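I have a structure I would like to understand better, so I am pasting it below and will then ask my questions one at a time.
Chains here go by letter, A, B and C, matching the order in which they are written, and residues are numbered from 1 within each.
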Amino acid sequence: MIGVVSYLVFFLTIAAILAIAVLGLNLHWGNTGLFNGGIAAFFGMGAYMTIILGGTPQAGQFGGFGLTYPMALAGGVGASGLLAWLVGVATLKLRHDYLAIATFGVAVAFESFVRNTEWLTGGAKGLRGFERPLEAAIGDPFLFNLCFLVFVLLVLAAVTYGLGRLIRSPYGRLLRAIREDEDAARSLGKNPARTRLASFIAGSMIIGTSGGLYATFYAFVSPDDVLPILTFQIWAMLIVGGAGNTKGALLGAFAIWAAWTGSGWVLARLAPVEMQLYTGTMQYILIGLVIVGMLLWRPQGLLPERLVISQSGGGAARRSAQSV
Amino acid sequence: MSEPGAVLSVDRLVAGYVKGLPILNQVSLHLIERSIAVIIGPNGAGKSTLIKAIAGLVPVSDGAIRLNGRDITGIRPDRLAGLGVSYVPQSENIFRTLTVRQNLLLVLRRKRSGGRRLDELFALFPPLADKQRERAESLSGGQRQMLAIAMALAAEPAVILMDEPSAGLSPKAASEVLAFARGLTEQGVSILLVEQNVRQALAIADYCYILAEGRNQVEGAADALSSDPVVGEIYLGGKRVGAA
Amino acid sequence: MIQALLDGVLVGSVVSLGAIGLTMIMHLLRFANFSHAELLSIGAYAALVFDGLFAAAVPAAKAAVGPLSLTWTLFLAIIAAMALTGLSAVVIDRLVFKRIRETAGPLSMVFASFGVALIIRSALSLVFGLKPRLYTDDIVFAVTISSDPQLLVKPDQVFVFGAAVAIMLALHLVLSRTTFGYALRAVAENPSLAQVAGVRLSTVIAVTWVVGGALAGAAGVFHALDNQVSPAIGHNFVLAVFAATIVGGIGSVYGAVLGGFLVGIAFGLALAIMPPGYSPAMPFLIILGVLFIRPQGVFGEQR
């Protein structure tokens, strides 16, 4: 019985951690209309920086500065923000898909960098040697996992609440205004480029938080944690749940994570031995089909936002989210 | 319902770029064969939108457009070209990155006697012949307008829609263009014209429609309207007819 | 260093062919197609399949052409593969992208293109296996064309470069001398005016997909000829072809060619200077650099 509960705790923890990343993407895409094609990079930056700053010194490994946990996590979050600033400054003034290309590129570059810069990131071996906060104090592993789950859920609740307030605030209205009609917003003295940059940085920092928590949970990070498939998983979560919509984002996160682990389990059981190597590939096809299928069948997601069709001069009508 | 002798009829047209926000509100007009009808009105009246709607470039939500009795409402612009209707936009009416020759050959793509027609067009517009292998962006404003009109004529249309053909031209060049249009009607072409240059337009037109705020205001024979003070009043924002 | 340049020019031929279709579609349909690079993989595998079929049909034709490792069957297979890839491109558009652009915005198409790329790559892995394949088991030796500095060139590489240039030349002729080429350029400059001039947009879009796809298919085969056929080809080239389109200016075919060779040469030089593991990151640095310095690229975008 403990085994099942234990697994459930593990499942919920990961799902909740990924849900935080989905909320970050929601701020990018759902609220600001920005296309982040490189979630893995911001996630990874948060993860790696947290371990580097907060880890204990390990032989032959950089880092291990042994900062307190809050500082290490904050460092990870800050690093993600910095990376977002760099990418955003270059691309946000340009046509929308330049951001897609640049963010995708930053993710490829990031993976390539951490995989090869062994002295800094441990290369393919990754980074270990991280003492999980309060682990020694709590003692019992199951209890620790439970406490960590509660901690993650608290962070998730805080981010959800924070984003909810943001959307209802003047800043949220500004984001919507810029999405609707950028020229009008500019004529009112607002600076759309700067607002979008701020939103991009904020969303990326949320994704970085998710990465930091992920690295904390495993006390380990490696280049295999920042593969493109992670970006696809987070997107699938947002597309399925419903972009621009916090409830939808959370639903999507848990649903897709359940589908992913479930399909992995089923494929491992049912696939013949020769095909075991391909279970991952089949899961990739599933995710691809989910993304394409949802966009074709129900692009607004399972939990559609209440739509307000508004006009923008000459272009296609855009949607603005009324609910969060 | 089309009027006899009308080659083009617009019947209570409602149209605009965005659904639910029409620019044109129940606009009607007729173009009689071998004549010039001119549309005038203050800025923002919807004159260009009307021409574009006929050309198939602006979505129509209600009303009808007929060509020789045949319904062409919402037709695809490239199909309209095949039906003998040419459209000369006000701006961006030539392909700058193509040469003069290539611009014309493009329009003549589907025509069997393209080569002969090309020679005819160059005979009609000698300055274009001189510059035929130069990129269109190197032409002067007047030459570009000439090319745009040549492109419209290339397909030997029965109807030409022109959006402010005199825009950006010197008064002399403007009157030359409008006189040229007049000459075309003598060869059997019917022309629907939008113009800001009211005086010169009324001088060569047969019939005139005045549009304001997306609606018909006044219409009548061109020479009658050119001496009617109501024209000036509508322009200066005073009188309005048929407002909701 | 010169060897690095030579290798870079070869990579550049492949990237250029791949980038031409991408730049046209990015300009026409206003979306960054992340599945375009997968067309290279489709082309490479299609040629593998056709080569097998032709060799089974006419065993005698599986003879090498001159000093190349290329066989007659493979040569024909390349042409067949180009056709198949072009067809795949337009079919994918009809099935996925067209429906999405009619109901949602261009960014949804970008989303979908990621999904399509994932599906194509995974499907190829499932069907053909994860292990890379080769067109021929013959070992091809490089020819030393110069001893000091030492320069080695494989005959296949000369073929690839020549074929790529020939294809680009053919495209140039179509664009500059045929009325269909004028129609393509007209639509690229001003789609509504092109319609007014009698050009049917849907036809031009379909042809753009077919031509772009065929060129990408050729690029894939050319790359695999000198390397290997693997499902990862698409992923390996996706950033490079984007970099080429951005350097050259989105919408410019000549820009894509120029950009492709620049990216290829940069790759070659990077491999000479940096450890090989970092080379995937290099196109990204190019992209970032161009976006900071001259975002519209060399030939800019008309709109």
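In the analysis below, contacts are C-beta pairs under 8 Å (C-beta built on N, C-alpha and C of every residue); 3 or more make two chains touch, one makes a residue touch a chain.
Because the structure is predicted, anything quoted here is derived from the model rather than measured.
Centroid analysis (C-alpha atoms only) places A farthest from chain B.
The most central chain, judged by C-alpha centres against the centre of all protein C-alpha atoms, is C. For the pair chain B and chain C, the distance between C-alpha centroids works out to 44 Å.
With centres defined as mean CA coordinates, chain B is found 54 Å away from chain A.
Inter-chain centre distance (chain A to chain C, centres taken as mean C-alpha positions): 32 Å. Considering their complex, residues 55-57, 76-78, 81-82, 86-87, 89, 92-98, 102, 105-110, 151, 155 of chain B touch chain C. Partner chain A is touched in their complex by these residues of chain C: 26, 30-32, 34, 96, 99-100, 103-108, 110-112, 114-119, 121-123, 125-126, 130, 235, 238-239, 242, 246, 275, 277-281, 283-285, 287-288, 291-292, 295. Note for the complex: chain A touches chain C at residues 33, 35, 37, 87, 90-91, 94-98, 100-102, 104-106, 108-109, 111-113, 115-116, 228, 232, 235, 239, 277-278, 281-282, 284-285, 287-292, 295-296, 299, 316, 318. For chain C in complex with chain B, the touching residues are 179-180, 182-183, 185-186, 189-190, 192-201, 302.
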